[in-house]
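In the two complexes that follow, chain A is the common piece, with chain B as its partner first and chain C second.
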Partner chain A sequence: MRSRNWRRSLWYLLLALVAAPFLVMYVGFFLRAFGEGMTLGIIPRQWGITSFRFMWQPIAWGLGRTTMWAAFGNTVVFATVSGLVVTAVCMLAGYALSRVEFRGKDFFLVLQLILHAVPGQILLIAIFFLLLYLGLLHRLSGVALARASLEIPLGIWMAKGFFDGIPWDVERSAMVDGCNRFQVWYRIFLPLVRPGIAAVFIWGFLFAWHDFIYVYTLLPGTIKLMSTLIQNLLATEVVDYGYLAALSLVYTIPPLALFVFLQRALLKVPVFGGKGTA
Partner chain B sequence: MRVSVDRLTKQFRDVRAVADLSLEIRDGEFMALLGPSGCGKTTTLLTIAGFYKPTSGTILFDGRVVDNVPPRDRNIGMVFQSYALYPHMTAHDNIAFPLKLRRVPRQERETRIKTVAAMLGIEDVLPRRPGEMSGGQQQRVALARALVKKPGLLLLDEPLSNLDAKLRIVMRAELKRLQKDLGITTIFVTHDQTEAMTMADRIAVQHQGALQQVGSPEDLYRRPANLFVAGFMGTPPMNFLDVSLEATGDALVLRRESFRFSLPDPLKQSLGHLVDRKLILGLRPEDIEIKPEEASQAEVYVVEPLGREALVTVKVPGAMLKVLAPPHIQLQAGTHVGWHVMPDRIYLFDAGTEEALLVPGS
Partner chain C sequence: MRDVLRKRSGRGALAFFMGPSAALVVLFYFVPVILTFLIAFTSMGRTLLWDFIGLGNFARLFGIGARDPLVPRILVNTVVFTLGALPVTVIGGLLISVFSMRVRPGAGLFFRSVFFIPRALPPVVWGFLWAWSFEGTRYGLFNAIRSAVGLPIVQWLIRYPMIIVVLANGFLGISLAMLVFSAAIATIPRDLTRAAEVDGASEGQITRHIILPLLRWPILTMTAWHLMSFLNSYVYVMLITGGGPYYMTEVWSLYAYHMAFVQYRYGYGAAFVVLLVVVNVSLLLLVLRAFGMRRMLTRGKIEV
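Here is the complex of A and B:
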């Protein structure tokens, strides 16, 4: 008994040590954002919100100026469009792959995994030209589309997994009741995979929200997103770390808020009645 | 609606789930599709419903080939073993769903839901979701959903198998009554021969995909076409003994080790051509009589009182016999008893083809 407790404590100590750098980082992050006049680089003299002044003051951008809100708005649009596209495509494809028999289905599924394994950066040049020819280059919506395409392969697998969980008999019931395939999908399956919709949307949203490389390369300097804004501030000569920390904090909040919100709204899983489903 | 299944075969890769099955279901008839687990009952039903395309053969509704009609246009109601209610809808909305799809006006919809809910006694559960209902309630809601659209054909896939024993007996009677009142042609899939016997007008027995026999419950019980049907119909099941038919002098004797059974005169003539054939003797548990006052090689193995009677297992050389004995006979395990069979109650089957050669009353 004793030795077990000992061993346990040892484990916790080890885990604490591993976690420590991250904890220090996050704590430092908050201290910087809300502290003013740092001593020893980390202990604030006074609390305040002057670091958040970007919320009501313009930000210098090259020779001109911009506002945080413009970048924030662009990022919201970019991530939302990407999330919606991922959701729409994956919900349709996931249903088809779960329920419809067609030739090349297994190949298609494996292909999605392979596609997912390809790093997005490799595709950058190809996507550049693709968007160029489609006339979508330098457009927020076009780049959002490209960004979405990167998350679709794994999103399809996620969606398929959720649809696979619905018993065949439920689908057959719906068909006997008079549904066509689309109605089965829309009226029965979508309500039943609401948690799946939330998960896939968050998936698409999150990756777009945090994206830097795509928006940096494929968008002109005049269209700013949060990630390019922060990069821009880092690249100046005198870096105000408090300012940067505050901005990063604002950057982190929306995905967290979305997570909490969608969890409340969508993660109510309907319970299948009956026993012995097939 | 009249349903004809014409030489239906359904093959899944290496499994032949339904093999050359032909079946006529009359208008308004209650037909039970009976067979052991895995014999292809559900596959047959799903093919009739239109979810599977036949590998070969056709299905006709009222003489019209429906092979290319999708399930939603077949005018069928279906209840699945798992009930398959829509979990995100209340019972009311579950029942309303087929009517909404048909664009039945709201007023009429509500009236029809009310009628069918009253018929099945589920008015109370209408506002509840499937997760908040008992198995029996879900089953009724599923039935209501199938009936509310007034289908021409009702397909039921083991709808009672998830209910407890008591409720099952209640629902058995109610379902039968309901079917008669509404006059809907019904195909009822079950692996429970009691269910099939008690409810159906006619029973179709299926085994390894193939149809064995179709007939009234009485028919199948009294005149089984083969060994499989004989063994499947009736609880406890029929006893089978391997025997050979021998001619001794001018008597015909069924023989198995020390057991001898002389065939009475009328049977002698009709079975004379079977001498020296390998046969299987079938004896129903209720047709064997135990004589405690006699002694033979038969030994009482175990006695299971059933209340109205007792199920006695008797060990005879090389076999166990199940016997239904009246409760007043006191039997002890281990005692030797005599046993008798009424000559006009025996069944005989060909040991090779398993076809019935003799059934009582023929």
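Here is the complex of A and C:
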């Protein structure tokens, strides 16, 4: 027993050793955002919100200036459009893949897994030209559409999973009563998979909110988002790290709140029996 | 009763449900791949004119005729980066999930949360955290702490750039691998470990002979997944070191990006992407052969 206790403390020690630098980074990040005048490296002399002055002051961007709110608003629009596209497309496909038999269904499902494994960001050069020829380059909506397509493969699997959870009897009775496929989907299934809709939307929203490389490459400086704003400030000569830490917090926290909500929504999957035989 | 459900839902209904997703998949995956191949055979530059030059870009890439002196270095960087980050993710994720299961549940959850945080952060913020922590002046986090205790300042990003980008990517991978492994360990029936315990197996033996063999499938999945992920990853490298100092962390996909969007040599950049796509597809075929299509449809299960 003695050796077991000794070994247990060894595991604590190992975990703590690996976690320590990260804890220092995260704690330092918060202290830098809320502290003013650092002593001993990372201990703030006093607390304050001067680092959050971007809330009421303009931010320099190249020779011009912008505000945090403009970037925040753009990010909200970008992420919402992207999230809605993902939701609409995946809710349609997820239903058919769960309920309708058709040729090439298994192939399509495996294809989605494969596409999810291939990071779409390597095709950025071609996406650039594609959007250019479609006349969508440098447009928030066009880039949001391109970004949404990256999350569709996994979104389809998520949506299918939610539809799979609904018993066949629900559908059978609706169809006996004379509903067609569209009515079944719209009137019966969509209300039942509301948690699924929330989950898929938040999924698409979150990744678009976090996106950097697409908006950095495909949207010019005139449309600023939170991610490009932070990158732009990080790339300047003199970096105010407290200011950047505070800005990063304002950028990071809203989607984290959504993460919590996502977990709640995922837990509320309707569980009334498995899929029947049909 | 079956007739109702079997009633053919016509082509129209199928097009309505599957049309949008199929269209987007074709538009944003297949068309770009074809476009990349086409652009790779042109000298597409700032003018955006289609000027086919045959295999010119590939000749230059492979060092036939006018060669690109940076290609060998980038190849080595890519291999070092991928093979460096992969064990960090898979072995690190495995160790963390095994260890965090052994300590008290509360403590285990705490450690898993700490290692999960990177996944919840936007890339720009994760990049900022690393760039700031390893900043080479006294304003950087670790240098501030060092100078506070009287140690000299270290130019982290100049002296150890590759280690830093490998760790930044590796720990991002750990957050996913750890989650998958922990979930898999949690589904192992208690009876198995209990029985071994009763037979007098030590915790090390249980891990080696019971848990690890049962984790074979998740380990394989995570290895294949992250191999592809790191091979194609450039965003974090771009944010932390920008490929520098002097191409020391410039990986294949980042070089393609820089060629296209910094030097405006789209054709040459696309040639690099073409090779990357070829490597990806070969890897995928290998993985598909090893895993089997049927198993991919019912994935993520532990086989006891």
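By definition in this document, the second predicted complex is superposed on the first by the 241 of 278 C-alpha atoms of A that agree within 3 Å, B and C clash if a C-alpha of one lies under 4 Å from a C-alpha of the other, contacts with A are read in each partner's own complex, and residues count from 1 in each chain.
Keep this in mind: a residue touches a chain if its C-beta (ideal position, glycine included) is under 8 Å from a C-beta of that chain, and two chains touch if they have at least 3 such contacts.
What you see is a predicted model; the values in this text were computed from it and never measured.
Trainee: Is A:I188 touching the first partner chain B, the second partner chain C, both, or neither of them?
Mentor: So A:I188 only meets chain B here.
Trainee: If we overlay the two complexes on their shared chain A, which of chain B and chain C does A:V250 touch? Say first, second, both or neither.
Mentor: Neither chain B nor chain C is touched by A:V250.
Trainee: What is the contact status of A:R172 with respect to chain B (first) and chain C (second): first, second, both, or neither?
Mentor: Both partners, chain B and chain C.
Trainee: Looking only at chain A, is it chain B or chain C that touches more of its residues?
Mentor: Counting residues of chain A touched by each partner, the higher count goes to C.
Trainee: Look at A:I125 in the shared chain and tell me whether it touches chain B only, chain C only, both, or neither; answer first, second, both or neither.
Mentor: Touch status of A:I125: second partner only.
Trainee: Regarding the shared-chain residue A:V77, is it in contact with chain B (first), chain C (second), both, or neither?
Mentor: Once the two structures are laid over each other on A, A:V77 reaches no partner at all.
Trainee: Output check: A:M158 vs chain B and chain C. Expected answer is one of first, second, both, neither. What do you get?
Mentor: Touch partners of A:M158: none, neither chain B nor chain C.
Trainee: Looking at the overlay, does A:N180 come into contact with chain B only (first), chain C only (second), both, or neither?
Mentor: Once the two structures are laid over each other on A, A:N180 reaches both partners.
Trainee: So which positions on chain A get touched by both chain B and chain C?
Mentor: Common to the two interfaces on chain A: residues 172, 175-176, 180, 278.
Trainee: Okay, in this complex, where on chain A does chain B touch?
Mentor: 167, 169-170, 172-180, 183, 188, 191-192, 270-278
Trainee: Chain A touches which residues of chain B in the complex?
Mentor: For this pair, the touching residues of chain B are 46, 49, 51, 70-72, 74, 76-78, 80-88, 97-98, 101-102, 129-131, 133, 135, 138, 145-146, 149, 161-162.
Trainee: Okay, in this complex, where on chain A does chain C touch?
Mentor: Answer in residue numbers: 4, 7-8, 11-12, 14-15, 18-19, 22-26, 28-29, 32, 38-42, 88-90, 92-93, 95-97, 100, 102, 106, 108-115, 117-130, 132, 145-146, 148-150, 152-153, 156, 168, 171-172, 175-176, 180-182, 185, 209-213, 217, 226-227, 230-231, 234, 239, 241, 244-245, 248, 251-252, 255-256, 259, 278.
Trainee: Per the contact definition, I'd like the list of chain C residues that touch chain A in the complex.
Mentor: Interface residues on chain C, with respect to chain A: 1-2, 4-5, 7, 9, 13-14, 16-22, 24-25, 27-29, 31-33, 35-36, 39, 48, 92, 95-96, 99-100, 102-103, 107, 111, 114-115, 117, 120-125, 127-129, 131-133, 135, 139, 141-142, 144-149, 171, 203, 224-225, 228-229, 232-235, 238-239, 253, 256-257, 260-261, 266, 269-270, 273, 276-277, 280, 284, 288, 293, 296-297, 299.
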